[in-house]
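In structure tokens below, several structures.
One chain, subunit A, appears in both complexes that follow, with subunit B as partner in the first and subunit C in the second.
So, the complex of A and B:
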């Protein structure tokens, strides 16, 4: 028995060592670091207590980043569901070429972020982009639109992100759809329910819990999304208009080289996520109790 | 059958949405520069050329970035599969107190986005003296893939009956041989799924590569291509060629192993 336990721990040791050293320790160190005024590359540091947090309370840039982050994650989640759920319903039907389409739909999710971003920057290019060309040809706009300028950069970012991440919704929702017993639909059909009523009375109740998980995961991931936003912003002046919290945290640490400030932003991000997740669970559970 | 047309309209819309941007990338990559900026734009290049690819391969560091990405991704897949298979085996085949608590805590670490710990992570890697090395990338990716892979393999190992292993042991095989010849082959679909997940994460990552790597010789593709993109006036043909070259391995890897994934499910001796 003793030996069994020892072997077990021994086999787990590499995993625990990596996770402990490279995730758990940095989390704790990050919290500690947020109480210091520290340069990102130099060893000099001074204990400042909660000064970094107090600074952000009155920092306009911080509140802007919270605002942009909320707009970005809110809009992308709604749109991912609006595209992903109908797509999953479609791919759950029988038709020729379905399996091929199931594979193709995954592509945007598989490609590197850098590719998704340069691709959409090309499509949305103001002078030579296909989007502007099509809109001009169709007479929707009379002059090329600067999609990557400050007025539309948030929309461009949202479109790019929805394109990149909606396949996750499709795959996850489709997996659950496939486990719904067909008898439920047959019973509804016998009762004379049309397609819409079958969706509302059979599909939706059956997929509530998976939607709960999808919204939870995607919210966390969109709120902490760094690469798509940072790459979309580029080095130019428009970056101010889509500077979400993760990008702001990165800028504090690696542009302004204020590691303590960056660490404090990471802690704030974490607390926001915990609070939002707790609230989400509570609201959802109350709804469960009602229904 | 009246719904058929609707289905096909939906299908074509979805196909356009998923594949057209990628088709446009390929089409642009194959165009001559005068065609790239032509109005109206042509869907299919009139004079397809590999000129953009040639320039990418000969005039930039692309080949170096590509090699680095292959090395780092392959090493990450190998290390992650080894470490998580050992861990998952321990979590399913050995009894010790705190086992399920440990499994729960491991899953919890999955909730932390890299951006939330990148600063202390950077400082730690610097202290260890491995900043600006491929090893730093491999260790980061392995760590961030571990929780998912451990849980995935754990569920696969759980579905393999102990009796099969015991039978092998009775037949005179030692534990290591029993694992190698009985457990791992039966868990193959799980191993493949874990490999896909890990490869794609390592191949696509931007943040760690951006923060941990500074010299051109060990940069991986995403950061390298971003540098090319920011370098001067954007050479769209060449950038799209780079996009095609980065996308192809990820998609090909997925398509190649996905078939095995499905076959594995069907051919697996054990139903879980």
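So, the complex of A and C:
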């Protein structure tokens, strides 16, 4: 029995080592680092305990980042669902060219982020962008709109992100739609249910669990999204208006050169996500029990 | 198929031997690599360096191979600091002058007095000679000088009968006059480095201000000099395209060349390349496009522009410091250095006074055609109208935290809130002052009480 247990542990050891080295250690090291005042590149550090956390509690920039991050992730998730779910429902129907369209809809998700962002920045540029050109030609606006300026940069970022990531919702939701037994719809039809009632009483209950996963994953991914946000404004002046938490953490680590502060922000982000995920699970389970 | 133990061992021995032979030159130290990083990314410049100084260096030092890496400004600082942290910096690199003091105080730089004397200490232009001079020793030498200024549509200004502006008020009047018919007067680059560091440094320098108190290091972001400058910038913003803060330096050059704006706020001789490529054919000349020096503020005497000129530096951790200096001697050899400067004419103006009016240097076709741009550079140098990038006063080379102040984005946030956000300059300056004081305290540079 003991020998069997030992064999079991030995077989598990590579996985445990990998998990420990690649997941647990970085998290713990980051938490440890957050207790130091440490230069990002030079060997200068001093233990400061929770000072970095106390600093952020009163740091206006931190709270701005939380606000921008929440607006960005909230709006993009809602819009990804608003676009992705109807698109999946449409692509679940039979019509000519459906297979082609299913391929096309994946396109934004397949292209590299840098390409997607450059493309959108080019489209939205207020000097030579196509969007302004079309709006001016159609007489919708009388002067070019500064889509990448202070007032619209967040919306431009949201549109770019929704365009880039809604195919994930489409693919995942469509996969689940295809497994719903057709008899359920037939029974609903026999009972006189129209399209809307079939959606509400058959499709939605059947796809609740996949929607739960989609919202959970996309929330985590959008809240921690760095590349799209960074590429949209980089370190430009206007970046101030879309400086989400991951970007602020990056800035603290690599432009302020304060590795301890950057690590503290990463820990805060991690804790915020765990708390939000736990709350989300709780609400979902309660609703599931009720239904 | 079964393999016998003997065959397996023999095969392994052959493979190991082959692999070791492949590594032999490096293992025996026959090929040593001299790592050289610089910020001149134009392909023709990279080629000139390769074909001149590198080629001769490799002939003179057969055991060495020079590996040059051209990096953009934005990439240089982070990559350099990471390499220093890893204990393997390049043997020779460009540094932004505002970083040099920070590295000097950490004792990371090797002095280069002997090199400076060898290439001609007395001939190096005063605008650059002592930028990296600490405690009686030289720790850097500028590779070339390129001044920055406005690039203006001279023809449009002259049509209005307006002289180049001397003061902030003159500039605002000019901007108002040139904003018409869907064209904006001026556009500033939206990158943080420029609008959040280079230009605010110029504003302070041209208005009698400074980043910090020289004795206590206390930031001076809410000084009257900065508040005046912010008020000026806020007014100037009315004459800029709405989305300027989301656009980049090269966008401004394209906008100038194609007639969307009348002045590019940040410009250097590199602008000529854009003009020659994108401006209407009959306008690609100094009659239409000219440099224009900065105006000064109410408390300043003359307007100041940034002088773009990184310096070469050798680290104490460099593997081959002596060879790095030998390489630099070849780099500054007259015939090679001329070719280097001619690879981007005027933008790469020589650091040697004797070369500024050297007929051989001036014979370059682009310099001939755009001679007024060269003359603006030379007259600006004579009149003391330039300070190195990010400097608010000449002594800023001794301030060891300018890189961190730039990196923090505190100044950029202040500028963008005032210019784009339309917020009160004094309130934003006070906020930036608080943040900067916190930052310098965290970095251990607080000397004020």
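The criterion applied here is as follows: the second predicted complex is superposed on the first by the 269 of 291 C-alpha atoms of A that agree within 3 Å, B and C clash if a C-alpha of one lies under 4 Å from a C-alpha of the other, contacts with A are read in each partner's own complex, and residues count from 1 in each chain.
One rule holds in what follows: a contact is a pair of C-beta atoms (placed from the backbone, for glycine too) under 8 Å apart; a residue touches a chain by one contact, two chains touch by 3 or more.
Treat the numbers as computed from the prediction; the structure is a model and nothing was measured.
In the superposition on chain A, contact of A:47 is made with neither subunit B nor subunit C.
Residue contacts after overlaying the shared chain place A:86 against subunit B, while subunit C stays out of touching range. Residue contacts after overlaying the shared chain place A:281 against neither subunit B nor subunit C. In the superposition on chain A, contact of A:63 is made with neither subunit B nor subunit C.
Touch criterion met: A:257 reaches subunit C, while subunit B stays clear of it.
Counting residues of subunit A touched by each partner, subunit B versus subunit C, the larger count belongs to B. Looking at the shared chain after the overlay, A:153 reaches subunit C, while subunit B stays out of its contact range. Of the two partner chains, both subunit B and subunit C are touched by A:234.
Shared contact residues of subunit A with subunit B and subunit C: 40, 125, 128, 234-235, 254. On subunit A, the positions that touch subunit B within their shared complex are 1, 4-5, 7-12, 14-16, 18-19, 21-27, 29-30, 33, 40, 83, 86-87, 90-91, 93, 95, 97-98, 101, 103-108, 110-115, 118-120, 122-123, 125, 128, 130, 133, 137, 163, 167, 195, 220-221, 224, 226-227, 230-231, 234-235, 246, 249-250, 253-254, 259, 262-263, 266, 269-270.
Across the interface of their complex, subunit A is touched by residues 3-4, 7-8, 10-11, 14-15, 17-19, 21-22, 24-25, 28, 36-37, 39-41, 82-84, 86-87, 89-91, 93-97, 99, 102, 106, 109, 111-124, 139-140, 142-144, 146-147, 150, 200, 203-204, 206-207, 211, 221-222, 225-226, 229-230, 236, 239-240, 243, 246-247, 250-251, 254-255, 258 of subunit B. Every residue of subunit A that touches subunit C in the complex is listed here, in rising order: 37, 40-43, 60-61, 125-128, 143-150, 153, 233-240, 251, 254-258, 261. On subunit C, the positions that touch subunit A within their shared complex are 74, 78, 81-82, 84-85, 106, 182, 190-193, 195-196, 241-248, 251, 254-255, 260, 403-404, 407-409, 412-413, 415-417, 419-421, 431, 435, 439, 442.
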